[in-house]
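Listed after this line are the structures, all set down as structure tokens.
Heads up, the next two complexes both have chain A, just with different partners, chain B and then chain C.
Here is the complex of A and B:
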């Protein structure tokens, strides 16, 4: 009776299972990369524009994940820094006449970092739900400023921006397909930056701070200084996302930095269960549910997103049940 | 103001490592620690003892910088650190452990140590540094015996290993002053032996100040001892002086002077496997029919079973103690019976002749099984009175066959049994001392009108006097015919309560014996072997078994890391 259940062999299993799992992941990554590259050549313009939106949200989701999943600071306001970056890029393009996308990207990231550094002393006094609410308040304040300060931001009418160029002297990227490939390239650059960041001592200390701040302080670490550095990094990343948003749409209005933007980024981070890869996948999923499935379901995208939120919340229970069910079938 | 200079300071006044000058701390209206002065020379081994709620942890937190003192100054190695934050005190050479093991739960073991040993840890974020640093971490991992776990998240380690990791983290900082808050709590006798050896072998360049209730550890390690009581300084001196002090005996070692309490308190203090001469506190009637029947129990967390083929009967009115080392599966067994832990086939659980529902803890609770969990699990937001009302209300209207048999538990009857709670009724439960919280957890369980009371490590982290009170209360319950299933590291408490002991070893039942048989040599030696205390006392075992290990750890912590 006790022997009928197939148990995994105890010692041998992990040894040869690990590399197979690793190579499968590499294969999956390559496949996703190829599909992303091939997209503008096989899909219609609408799908490509949705994919552009997904890339912007993926950058914002990585920024949110750095705070939420790694440093243990649940943020519902990363759209504020996205907005600062986006308006910086847009003003650079319209008023400053700088059409180079990469310059816009760098300056927008710097602006996001500065905005994060200015607001951090206020936000880092709080933790948990209070941090969530404080970050939400900062985002709403930023959106209000963007709407009211119409001499600079164009108010609710928004700003139209010219297409970006990649290199001085090259023609601007007018077609959706090229703009999408430009976004994909920028996204890969940011992914590499994030990957380097994830291996840094800073991120190790951020993870530790999320687990036990008092222990970290007792080891001699200045906890708030590390959280500040992490917060500024997240702000820079969100600011870079803002530059991509402007490049993707050629248009920017206060609506782009509303609550739903922050909330979708937080949802994507939550779907990602604390990992960066998961946050990117979550962002793609969220945009796909909202924009691709929203039309055939008669505009019930918010309901679908709500459903996605519930699935994430019940994910442990669901996997648990599935595992029990699988085991009972094997028996 | 009390002034207490340790006797050792006369010789080494010039190399004072820690000096407290009139240090006190108030929380609102409550003075947790009255003005205290203390001087520890470099290399001292000083212990802080006292009943639960005496202000010991407060004092450690004041020295470590987690709290700031209301009055007084703290001087560490010649520098006034009174106003420094915890991180700067850490850099000044203060290392500490916390009362509950403070490790970074989600990070792998190696990363925990890497953070602790980070060269120039602090302000400039940069890449995780080079190979010589990785070597140092690997060396410490090897020395603490955690190499196999280096990729395991620290939160998945057993309690004993988490304590080990935390101590290794503190040592990796190479502290000059090491503060330890109850390092032996939750460890089994063999692990306490290892801890004693490890601390004994630390070099003289580390000064140790430790708080603990395990008196064997204190007497064998400490050169000087300070006793606190209700935030007041009671005595400071050598272990012999302190043991002889009548005030200390009254406050800590055996308050009340009740003969039974005395026997338990002093015997308990030795928490060794010495079951000789233990007297049963409760004269017993013969147990009734089988109340709980466990057959072929198999349970675990991630596939691999923690328990396998465990058979157990608990009769009505019988007290059974579950013994075993940490990680043997004691808590899993108790949680399974209480319905908190899913079981795997082919487990059969029967209660009073019927199948016992699992994974729905409210059903066993209604059927008459009450659990006093490890670590008490007090509702932090509620007052003592609210706890009691809540427990009583949950059971109103439920089917309680015990009421027919015995008198039902009411708040008044519970307060009669546990008078310490009566004075604390309006207080928030998280303000209670550890002993009072344990009493509250017991009261909460009794008010659900149980026929079987399950206790998981009831004496953990409690002062000897409180353990004596608790043991007496529990013995009274057993004598009144309540069935009890108790897991306990403290063998003296276990044998004082139980009719029968079962010993778990790596998920299987390794031994079953009537408690009275432990007076005989054969069963006692078998038990001691299973618990990892192969000598007559824990200290003797400690000297032999893990000495190499400990020496390695201290060596590596001191040499390998920089």
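Here is the complex of A and C:
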């Protein structure tokens, strides 16, 4: 992140407290996992479909976080690679006749990576807010292509896809509950991949590039090569999210890769304050605000999203000012 | 062949409309260092103003003039409000400012739902609704007038930035705000003025261009992204300099032509063509580096 606000680094924790902190996190993780697993058995179909949407957005939010929170490249265009992956998966299912969800997932991730590699020379010419502009432009152009290339993408009418299968010979996952559990399983696989990635040298170099690019270059690193690799990883992750989108809805249209998708992913990443688990929590929160609160307020979901954007944008400024104010009162 | 000539004229009008909006975006970005993602919403406000004016004045010219005056007021008010909204976020990075303007854009989009979910048609005032014979083809008078007015706006902007006292203050604030403030320039006032001027350009651009790029849900995003492409191609690094207006104009005309002549020549290839233009410009230019703070 390129924010200049003072980082509040906690004092080094005593060694003996570390395991307790660790076990508390594991417990929380297990509780969230259990709740997510139990959801289709206790909740209605509508809630389950919202949870499926949240999983898709969580994958896209992780992809956005890799760029925004880790590499310091604020992206408002990750929906482009989600779209490339989604159309690849959908065409694989309809034209290619491949109903295996895991094959779709792998091919969609590869397609997302290729799309990212093709557009990286363009985008990595820019930094900071210019990257934000350029990534948004790339995403909107991708959406326009999806809308106009109707012989392949079905245009604005979109594509309907058959339900996915998990294993050759097994029946397709027709019910929403099974599809949700399949998405959850794929999500866990992707979480493990991201967790491994976060412990890699690449991510360390990306963090360094975000902190001080010139210094990293002076140390002899090929900064743009590292950013390219990070960008391709983010593209692959978003592409995999696209395959999940198709598996979740059984339908795909250019609207699925519009500004809303990229913006919500960026919002989730910003809520997550640079961490992956924060981005996932942010994605769940954003979908909950839009879909669960949007219905009772009579379709004012855009206004709710707008308020969420404003809250996230002003939160650090307000917190800092409150802290300053409190300090001045104590004196 | 003449079909292409007429479409090229359309491209000129479209490009000039984009120029007026994108010039406002460049101004705000250059002076305030803020990416205004609510810029498309300002355009849409102007376009809906033109729609209301046409509806209530039954297509008289007075309606358009009133809409323009209201547009200037809305632009100044909106710009000042945006400046006030963004100022507390100075020092918290571009991301937070972008998120704030994006939030405002979403709130505005929710407000525009009172106009319904379908595009609303906006016609030019009745006196200007005819068409002029150009060879074998008729061409709408309003578009020709729009081209003339927008070209005049471009010239006025160029002269204001390059020659006037305000232009000097503006360029000084862009080049080095701290130094400008030290020499006695009220940079805060310059910034607010630039934000207001940029917003006025977007809103009045919307009023005038409503018959070209009509008000519809989603038109804010379309206009925003095309303006962003214009700003990126036009050389976002040289903002505020005397060359920036010409750069923005050239980029706007290029995008306008690709979006009209390109679509006529090869409908599916036009978005790819914009991609190609973006790529060529960004790769051929030295890196537009904004070093992280």
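In the analysis below, the second predicted complex is superposed on the first by the 297 of 331 C-alpha atoms of A that agree within 3 Å, B and C clash if a C-alpha of one lies under 4 Å from a C-alpha of the other, contacts with A are read in each partner's own complex, and residues count from 1 in each chain.
Here is the rule we go by: a contact is a pair of C-beta atoms (placed from the backbone, for glycine too) under 8 Å apart; a residue touches a chain by one contact, two chains touch by 3 or more.
A quick note: this is a predicted structure, and the numbers were derived from the prediction, not measured.
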Next item on the list: Look at the residues of chain A and decide whether chain B or chain C touches more of them.
Entry: C
Check: If you stack the two complexes on chain A, which partner ends up touching A:210: first (chain B), second (chain C), both, or neither?
Finding: both
Next item on the list: Check the residue A:200 against both partner chains and state whether it touches chain B (first), chain C (second), both, or neither.
Entry: first
Check: In the superposed arrangement, which partner chain does A:280 touch: chain B (first), chain C (second), both, or neither?
Finding: neither
Note to self: One more residue to check, A:226. First (chain B), second (chain C), both or neither?
What the structure shows: first
Notebook entry, point to check: Which of the two partners, first being chain B and second being chain C, lies in contact with A:308: first, second, both, or neither?
Noted result: second
Check: Should A:218 be classified as contacting the first partner (chain B), the second (chain C), both, or neither?
Finding: first
Next item on the list: Give one of first, second, both or neither to describe whether A:248 is in contact with chain B, with chain C, with both, or with none.
Entry: neither
Note to self: With both complexes overlaid on chain A, does A:132 touch chain B (first), chain C (second), both or neither?
What the structure shows: second
Item checked: On chain A, positions contacted by chain B and by chain C -> 1-2, 5, 210-212, 214
Checklist line | chain C contact footprint on chain A (complex, rising order) | finding: 1-5, 68, 72, 74, 76, 121-122, 125-130, 132-134, 136-138, 140-141, 144-145, 148-149, 210-214, 258-259, 263, 266-267, 270, 300, 302-303, 305-310, 312-314, 316-317, 321
Next item on the list: Using the touch rule from the top, collect the residues of chain B that touch chain A in their complex.
Entry: 64, 66, 85-88, 90-91, 95-96, 98, 102-107, 111-112, 114-116, 118, 121-123, 125-129, 169, 173, 296, 298, 303-304, 308-309, 344-346
Notebook entry, point to check: Across the complex, what residues on chain A touch chain B?
Noted result: 1-2, 5, 7-8, 10, 199-202, 204-205, 207-208, 210-212, 214-223, 225-226, 229, 331
Next item on the list: Flag every residue of chain C that touches chain A in the complex, lowest number first.
Entry: 29, 35, 88-89, 91-100, 102-110, 113, 221-222, 225, 228-229, 231-232, 236, 267-268, 270-272, 274-275, 278-279, 282-283, 285, 287-293
